[in-house]
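Below: a set of structures, written as structure tokens.
Shared chain: chain A. Partners: chain B in the first complex, chain C in the second.
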Partner chain A sequence: MSNQRQASSASQVPHLSPAELSYLYTSLSLPKTPIRPDGRSPTQFRPLTAETNILPGTNGSARIGFADGTQAIVGVKAEVEKTILSNETLASERGAGPEPTDQEGSTTAAVGGHGSWVQMSIEIPGFRDDDALPVFLSEMMRESLVGAVGTDENSDMTGGLKGRLVINKRWHWRLYIDVLLLSQPLAYPLPLLSLTTHLALLSTKLPKLKSQGEEDPFFDDDWAVAEYLYPRSSPSTGAKISSSSSRPSFVRPPVTLLVISVGENIIFDPNREEIAVADAVLAISITRDTQAGHLRLLSIRTVDPPSRLTQPGVPNSENVNMLGAVAPTDDIAVLNPVTGEEEVPGVWRPRRGGAKRSVISEMVKTVLKKGGVGEEVLEGLEGVEVS
Partner chain B sequence: MMADRRRVNGPPSGTRPAVFTADLQLGASATDRAQRQRQPSELRKIFLKTGLIPTASGSSYLEFEPSASLAAARANPKSLIPPSSALKLACTVHGPKPLPRSAAFSPNIVLTTHVKYAPFAARQRKGHIRDSGERDLGVHLETALRGAIIAERWPKSGLDITVTILEAEDDRWWGSAPDSHDASWGMMNVLAGCITAASAAIADAHIDCLDLIAGGVAALVADESGNSAAGTTKLMLDTDPAEHRSILSACVVGYMPARDEITELWLKGDSSKASLEEGDDRSGHDALIDGAVDAARGAHTVLAEAVRESLLRIVGQS
Partner chain C sequence: MGITILPPVSDDIIPRHEDDSDDSMSVDSDEDVEMSGLRAPKRARIGNQTLSTGVVTPGEVVTDDPQWMRGHGTYMTPLSTSIIATVAVQSKRWKVDVAAPLLAQLPLSAINLPGGILRRRTSSDELQIRTFFSEGDLVVAEVQSVHQDGAASLHTRSLKYGKLRNGVFLAVTGTGGSGASSNSTKGGVGSNSLRPGAGSGMGGVVRSRRQVWTINTHNGGGEVDVILGVNGYIWISKHADGTAAASSATENVSITRMEEMVSTSIYSSQNDEIIPQTRREIARLAQCIQVLVQSGIRVDEETVMSAYEASLQVDLEVGDEDDEDEDSRHEGREYLEGAKSRRILELVV
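What follows is the complex of A and B.
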């Protein structure tokens, strides 16, 4: 119970000894060349296997498995629902009463979607639905999903995902995104869940609309002509959507990346041991909406670093058992320039305080810069064949 | 089907009140929308007082100054609906207290945060069970405070922090329909208030912290004064969402001025397209974070004064 309570927005309290933590921290904070326990480079992700459209009963689905055995499945289901009109839209309708069909396109665009049309639920073994971790993760992913607003005027995605869900003034799609973590959360599950959700949304198809304008929606029952929720632009599927939108759209679902800082180093996709010694943990959501590859930042959230919950190590000079065995000059506390705390080298101290502004800004820059990690991840996901 | 022929029943689903065109032209016009009277970098006044709840080991009450339009509407009401709302919240701290016997050993203090809107706090009634937004706020608050509290001084103890929101900020002006830039912007102001109030309450409970931690909000707001389609975006500190037509992006921080460190950062919305003023070549998110930190510095002065007052009161009592 108490372990559960301490496992707040971060994953569980790490079960590592102060000596192990200190060893990890030292090797990860080596200037310029951090040594990660699994030999990856700072920006390298864990190897993964991915497949899409595995659940026939959903509009879109995906599965991703990491090499360490953690797996997640995401299913996306869509339902048609009646829109509750607000007084203002009713009023504007009345004002434009005589010719309701004069500007079909602009009126549908003007009616923006609503954030509550996207529902997300995350199930993690060992956690209740209302525990902090699932709630925090689902709000984090839903917020970036709903917050993405397209700037591409001519595509279907002008209003972002919310705009895409509008059928007409009276009807809309409701999207249920159900995320299931199949294994125990060995590491902080955010990267896994975010990548799987991204793939599932990419593979999501909605039936083709046959009715027009403000009629009650009526759909083509041929599943083969169904349209992608996020219009695809790759050559294999480009022909299909060319009829529906004037030009291919490059809007993609957002991806949330987990970034940690250890010492002066910035490390991506940390595993369980690495996140246990992080000075600061950020979850950064990005997306891309133009072909030019310009990345857009959608949200940043700090995640509570689990290093604050760890047990401190005791330097020899303060250890009663070592009394007299060490010279008092053996371990002298030095000022860690990054955290601003006095600590004895090689002796673990739980982190205190927060992150410097320069560190946060540097972390965001590493994600967003041209040819940076964000582009690399989105390109990698583009390579997954969506059948 | 069993139709009830003896009674005239209402429609099975709800109805909505009739809206007359005459009212619409009078009421829901753009002129009625609350306008920001403050300078972009001017904060609302904050009322913060500690020690109002005697049964708790530490407590505080925080209130934001009502906007000019709300104050005018209260003095001279034209409509039953207030144009905007101002934040009011109470925070209690219980602890440090021993953990239950069954709990596992913890070398640090076990922090529990609980944020709850009163059912009457927002325009839409809130239920008695916390919804996902309130739980999310609780996690944010916990992240902010955990960085400030020196946790290893209380092994095997627990600290419960409860925030009750009596009046919440609106997410947008009540009359405008949710648009594509719509999000729960009011929650960010609430979080900033929660952080500041909780910090005062923790200080009132005499729990060691690295620094008094203050919350601040900044937002990039699309300016609608000109008719130009491009529109300039402006960085505003301490935004009241009811006063702006569209907020592009907003950021809230929990900030410790003495260490110049951020323990909690929550930024949402798209800030990349924002064109700031001439000569300002910061990217949108950097400008937002800096703005929020400035707002937090402002709140910190109020916080420090409130904590000093509470100390003086204790000294006066003994």
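What follows is the complex of A and C.
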């Protein structure tokens, strides 16, 4: 049972006593000015350490360490693979000779690319490869990765990452993204893994193509002229450029952020204790993929809030050990306007989950707005020296 | 600025080797911790393999010294000190996690039952055992005795012991250095990767004269209690005056029943009303302790108090610097990290 619980809520929830939970919840839900246990502002992230290109055998790699001691390494490897043509194309090829006359069938796969060309595996200590959590996480991250489609017509990134992987009609790149969580998953590991994957993809280089058109691919031996998978402005000045409108923006790999709501407040980069009392936990995936540099929302997923499984507190009026000690009028249950449940102030009630529409839309707005959290995170990652 | 991304600090494990004198028999040295990590040079001398790292893999010879005894010299729960524990299991008694190798036990007979001193223990109390302390509750208790095998027996027969409320919990490495277990259970602060140097095993709660004291906080925070459990568990809460706690729950109780009322409030899990200013100061104190722990400074009344004063001073300094921008001044200014924590440490040491 305890194992199932861990897997379902996907984090090792610390065992907090009902009094602690109530204290935390009340502090975090104070109107407008939540008091976080570590004194951060609601949108402030804990400092993290990041480095790229740490694995020599890969096309791109990154390591990120969060302040709570969790660390992840991601390696990206690319390999050239022959594009399997669809049945109709093959049939027409057989009839008409080596050159396909009917372009329709092959172009869909060759120009648009295919989602299965990106393969992702996640390893989390204590979990098997086929456990629900790693499988679910990798699918969630892969989905937003291949789902991000570039709308910029005249760049390499037409069709997003999938389109970038196309070499020509018969050949494509296949990406293997290996994600390794080095520490125990203290909090829900998705944001860490997503940020590390983002950074690894930013640092990924593919060898320069020498062949042209439909020839069999032939690459430049010189690694120095290799091209970034995601085109970069110029690696050294990336951090200095502010988010002015003149800045050329490029398609970027998606980033998934964990956002929680406590009462009416929206809190970013929650630590374990904060997740433990959250009303709603959301994983929001964003990316930047247009010329104008707007952020795009890729997906929102709700995460089972661990506060559901906590131990409830006992109000003094119902505490048998305090019979006669409390005047019956002392504890009046008040209706919590956010959850719509009756609660005695100061007593912990496990959350039933769910959040108001206004709270969720506020969350999305905070992430996406100009100069909002999403831009800050993407810019911070852009600023990491990729060499 | 919402996010800070730092370049990595190389955190190579440098095997720390304090003294060559063979003090492995002294009770206070945490032999088991050192065997697994920090005593690489010594282990290389005992066993005849040369090891370059402090990592031991299964099957590797740790020692072939016949003098060495398993478990000997490991941390024992010290006698007669207040500790904070998590209630875990129960059947006529509670099993509590005290961050020691073995769970301690708190028998039903070792608590004050509500209803006065002359109250007899009955079988109905055994059935209702969960109404006193339940799974997941935090309890402050005193070690009454330590058994042969190292398991401790606790009691709460005093008004200052009982269930904890109105505050926050912190787990740091205790004197005995059983930090590994406290980290895994409560996610202690000892596991911080930003910790400068490999100072683990240095910091932690030190057994000192006073482990429970009250701070008169600034910024309108009122009085705040700090309990430093000798096992590395720390509780910071709003100050609860004994009689005030009773009178808040009971207004029309005769003076003869007062003591009885006080004792019942130790089983309450309902928080009092706490104003935001107090919550803010509690958060500040918790961070001060974390700053101390992360830099390997021992935690006692003196260091906590000076860190708290230092954090207030740092706040004033920072406030002076960027006075022109009201909004950004308040944005996360209570978060003590990086430069702020270094400044605090400068002031403390």
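Assume the second predicted complex is superposed on the first by the 336 of 387 C-alpha atoms of A that agree within 3 Å, B and C clash if a C-alpha of one lies under 4 Å from a C-alpha of the other, contacts with A are read in each partner's own complex, and residues count from 1 in each chain.
The rule is short, and it goes like this: a contact is a pair of C-beta atoms (placed from the backbone, for glycine too) under 8 Å apart; a residue touches a chain by one contact, two chains touch by 3 or more.
Being a predicted model, the structure only gives us computed values, none of them experimental.
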With chain A superposed, do chain B and chain C clash or fit?
fit
Does chain B (first) or chain C (second) touch A:R357, or do both, or does neither?
first
Considering only the touch criterion stated at the top, classify A:V80 as touching first (chain B), second (chain C), both, or neither.
neither
Could you look at A:R36 and tell me whether it touches chain B, chain C, both or neither (first, second, both, neither)?
second
Kindly classify A:L180 by the partners it touches after superposition: chain B alone (first), chain C alone (second), both, or neither?
neither
Check whether A:N321 is in contact with chain B, with chain C, with both or with neither, and answer first, second, both or neither.
second
Identify the partner contact of A:E143: answer first if only chain B is touched, second if only chain C is, both if each is, neither if none is.
first
Report for A:Q311: first if it touches chain B alone, second if chain C alone, otherwise both or neither.
both
Overlaying both structures gives a minimum C-alpha distance between chain B and chain C, in Å, of 10
Take the contacts of chain A with chain B and those with chain C, and give the residues found in both.
311
Contact residues on chain B for chain A in the complex?
16, 19, 21, 24, 28, 99, 102-104, 106-108, 110, 112, 130, 132-133, 135-136, 138-140, 142-143, 146-148, 150-152, 175-184, 210, 251, 254-256, 259-273, 284-286, 289-290, 293
Going by the contact rule at the top, pick out the chain A residues touching chain B in the complex.
1-3, 5-6, 8-9, 86-91, 94, 111-115, 130, 132, 135-136, 138-139, 143-144, 146-149, 151, 158-160, 162-163, 282, 294-304, 308-309, 311-312, 340, 350, 352-357, 360-361, 364
Show me the residue ranges of chain A that touch chain C in the complex, using the header's touch definition.
12, 14-20, 22-24, 26-27, 30, 33, 35-41, 43-51, 63, 65-69, 71, 184, 186, 268, 272-273, 310-311, 313-316, 319-322, 325-327, 330-331, 344-348, 373, 376-377, 380-381, 383-385
Sort out for me which residues of chain C touch chain A in the complex.
1-9, 86, 114, 128, 131-132, 134-138, 163-169, 184-187, 191-194, 249-253, 261, 264-265, 267-274, 276, 279-280, 283-284, 286-287, 290, 330-332, 334-338
